[in-house]
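Here the structure comes first, spelled out in structure tokens, and everything after it is commentary.
We just call them A, B, C and D in the order they show up, numbering each chain from 1.
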Amino acid sequence: MSLGWKWFIEYQTPNSAHMHGIKSVIYSGKSKMQSIDIVESCEYGKMLILDGKVQSTMRDEYLYHEALVHPAMIAHPRPEEVLIIGGGEGGTLREVLRHTAVRETVMVDIDIEVVESSKRYLPELSRGAFDDGRVELVVGDGRRFVEGCRSRFDVVVVDVTDPLEGGPAQLLYTKEFYEGIKRILNEDGIVVTQATSVYYSAYCFATIYRTVESVFGRAGGYQAWIPAYDSMWGFVYGTKGPDPRVLSGDEVDERLVKRGIGDLKFYEGAIHRALFTLPRELRTVMKNAPVATDSSPTFMPI
Amino acid sequence: MSLGWKWFIEYQTPNSAHMHGIKSVIYSGKSKMQSIDIVESCEYGKMLILDGKVQSTMRDEYLYHEALVHPAMIAHPRPEEVLIIGGGEGGTLREVLRHTAVRETVMVDIDIEVVESSKRYLPELSRGAFDDGRVELVVGDGRRFVEGCRSRFDVVVVDVTDPLEGGPAQLLYTKEFYEGIKRILNEDGIVVTQATSVYYSAYCFATIYRTVESVFGRAGGYQAWIPAYDSMWGFVYGTKGPDPRVLSGDEVDERLVKRGIGDLKFYEGAIHRALFTLPRELRTVMKNAPVATDSSPTFMPI
Amino acid sequence: MSLGWKWFIEYQTPNSAHMHGIKSVIYSGKSKMQSIDIVESCEYGKMLILDGKVQSTMRDEYLYHEALVHPAMIAHPRPEEVLIIGGGEGGTLREVLRHTAVRETVMVDIDIEVVESSKRYLPELSRGAFDDGRVELVVGDGRRFVEGCRSRFDVVVVDVTDPLEGGPAQLLYTKEFYEGIKRILNEDGIVVTQATSVYYSAYCFATIYRTVESVFGRAGGYQAWIPAYDSMWGFVYGTKGPDPRVLSGDEVDERLVKRGIGDLKFYEGAIHRALFTLPRELRTVMKNAPVATDSSPTFMPI
Amino acid sequence: MSLGWKWFIEYQTPNSAHMHGIKSVIYSGKSKMQSIDIVESCEYGKMLILDGKVQSTMRDEYLYHEALVHPAMIAHPRPEEVLIIGGGEGGTLREVLRHTAVRETVMVDIDIEVVESSKRYLPELSRGAFDDGRVELVVGDGRRFVEGCRSRFDVVVVDVTDPLEGGPAQLLYTKEFYEGIKRILNEDGIVVTQATSVYYSAYCFATIYRTVESVFGRAGGYQAWIPAYDSMWGFVYGTKGPDPRVLSGDEVDERLVKRGIGDLKFYEGAIHRALFTLPRELRTVMKNAPVATDSSPTFMPI
């Protein structure tokens, strides 16, 4: 038998799950917020798992991080000040810093142990990004940071765990949270957030979209297939300035060249267009979803 | 515990699998070719499983069948004579028959028991298509049918199981097979085939692409996310006439209207464009794959 | 891969389970009481599964049925009138009828569909027992039958599903139920019941023991390893006459010969002694368990 | 969902497995011989896993270690010199040292990392036994040690991993090995070895029995249910002196008192008798098994 005996099983719902064979466990601990596991999987290479949900794998993390970061960054005419909420493993930071216009990136993560264990065991993710002179790392609650923040940003990237009932991120997907972000965005500012599975939690994705739209007026959703998430994954943006969705493929490719971003593995003009092509069924769900508020938040099915 | 106790586990590789909770088993049998299971799953509704691999589920079969059939059919100026190889459950046939230009569809499936059990237990798939006067059902081997065939077709759709070593479909993905198909295609004819996962078996997909290209000169690949297949799924076409890839979204939408195809759930102009957007990494694999022949066929990893 | 793709997973607790590879599903249905599945498993041959719990497998059913039936039957000087509650698959009935003293066996099962599907698909279990002229089959609720019963019995065998909260058997393990049984037992009468896992639900087993003891005064527990139950399995008896526990191995063997029971696969004198040897840890749990009543029944952990 | 997401799956055969929910991974490493995992499981507490097979769990290790050690030690009139081959986690050593007659115990384990990690992470197993002045620890190959050994022993306990094809223990179950042990046993000496599952690998168990019998003339098998092994587990002894099997329960209990062994959790006179009661089916297998030799060893099914 060449079958592994260690398995990580991620349930998308109580009756659907992905089994990952594990070669070895590199790190396994509990921080104040969550359990942190870093394992070497057979198919996806090293994986970061928080509270039992895969966050990043070496094989496909570039898909997620490029899809999360670049549409908003490329749409913005000159992203100099960037705020990242979450993203402790450093992949989002790495992609943000590719943009040479960036002068300062503040990254606020609630869990220093995710940052530290990722730097130590998953250096391929941050690739030195935490040592970049443009980076300021703040350990703290993203919601509180936004509410107390006096700085202003061009782009805000929200890269936090899924909204699970009782989980640490449940108030990072509400109207009140996005209002706070709108306040700290500069005039042309854009916010983008990961927005759960468009398939297994389409209603949750749609609610995030409607919530951002209710605050920003102009908002949109897009999707990318992330193999380790077993799903087309959703992203939602809201904008006070330019709208990422209207960029043509050629415009995207031109800007990538002009801004000197030349070695991406996934994102490019044609992909940008494909990301924003949502299927009919999903568009219907998005039309009818409610707005999430602090008193009535949205949650993933599990 | 609300957990189901019956599970269907589909291994993509020996160390990666999808667990499907099963409510009930509707039919379970063995034909001469393969095992046939029809189950009611918790997340995907009724599922057809052949030799342990999910073929169609009620929740997402439209994605696969629309993506397989319509790009080639829409690209063809007037698809009157259509050949389907495989497709016993009837979903491909159903989509072909939406095209009013179709005068005759020959469907060749090797396993009459798949056809019969699907008609009986999964009528939602064929929706009466087998009773359409334009349909001729042939029970037999697709490879032999093509080699002995004196008719000519405008579109050929190959909807057979994956190329598994020793499996019934292993010689339906080779140069010799595609040469036979080229021979029975009319002047503007187009062939399209399902082409395995672009992720878990990218090399196999790329080999199918290269093989079709080696026969037709003009060929291409595209992909659609099929949730029950746990993957972006690949399709490959070869053409003696028009090239599906160059159709604009507007052209697709116009043709759908003009041809009276109005109630699709997934396929439309914008989706057509997104299907043909392959990521850089996959394009690289496609450039370097070999050609599969009867003496050296291509296989899925498991 | 020689791995099956169909699995039956039985959870002993939410965090411990046995995975059974399944070759084929022979029957799958729902009666008014429960779901009934009969499958061909790779390791245990055909299995009967009720509401997701393995009841009998062709490979090891003789262990369970012999251990359940013979200690009480052999201890009784002349078991002529026997009542079986449950046991719809017929294995218990088969073992009871081996005893030539038996003149009449009444079998009361609530679910005729278990009886019918077992007779049809698992004839190896009953081996014609239902056609024996000494058998009367009553379809109905065991509790109600006992309460309304005017007959008297020498041995009562309770072979019903585990006491699950809300399940059909929850009132077949209470003081009130055993009082009813005591009433319909003849002077030397003995009752025996299956009594759940002595390991995964030791407290439940001990409660059943204490409940029977509270009614009968003289009672005892014993255990046998049933591979398909993944556990040492518990049995509890109560007696108005002879006590099975005090029989020596030689006495058991002599009675088996004298009564003409010669072809058992498992039960014999030495095994009888081993069955009644409970480990210290379990004896301690048995001392301190409570008595289950209709208003405060005992349940299995899941 | 209260389901764990980390699972350890132990396959008894390719189509039968036990799933253990895991709370946390305490240690995970690879020595030169094998992979070593120490995890906190939900149901069994801390578990030691070597090459994917559970060796000891905090919940039930006493069953295995008491059953392995005491029958032979109690049968021997005065066990002063003891050799343990394997047993790196220290549980076997702990039980041996309970016998006050013991003057010296040599323990030979091939993998110092099992010893070290068990001492550090599973101190409940050895409970200081390694620090006992009567203990000499030898790191090395058990087979080679026996062949070169000039000392003589009263009892030899073989506590090594299962005979897997190509595994480190494959030559620790052969005729040649037992001949070596016979040579280094004193006149009344007894050897006992773990002997795999009497159920999932009954033929392997029987072969070990026949092999020991072919060397010692007088030999026997016995069994104990070890929950974490999912099976009745087999043990085989060979003796040059007294035969453990013929001891009565009272004799065992008397010797335990006389020798001052008072706080066992499982082993006692009645249990001793039950251990040696093998079912008919197994006795039949034992009669017909072959003898394993270096050139034709016996293996577990997986």
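Operating definition for what follows: a contact is a pair of C-beta atoms (placed from the backbone, for glycine too) under 8 Å apart; a residue touches a chain by one contact, two chains touch by 3 or more.
Computed from a predicted model, the values in this text were never measured in an experiment.
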{"item": "Farthest-lying chain, centroid of Cα atoms versus that of chain D", "value": "B"}
{"item": "Whole-Å gap between the CA centroids of chain A and chain D", "value": "51"}
{"item": "Chain C and chain D, separation of their C-alpha mean positions in angstrom", "value": "34"}
{"item": "Chain A and chain C: spacing of chain centres that average the CA atoms, whole Å", "value": "55"}
{"item": "Set of chain D residues in contact with two or more other chains", "value": "3-4, 9, 14"}
{"item": "Category of the chain touch graph - line, ring, star, complete, other", "value": "ring"}
{"item": "In the complex with chain D, residue positions of chain C that touch it", "value": "2-4, 9, 12-21, 41-43, 199, 225, 227, 230-232, 265-266, 268, 270-271, 273-274, 277, 279-281"}
{"item": "Residue ranges of chain B in contact with chain C within the complex", "value": "1, 3-11, 14, 24-26, 28, 30, 35, 37, 49, 52-53, 302"}
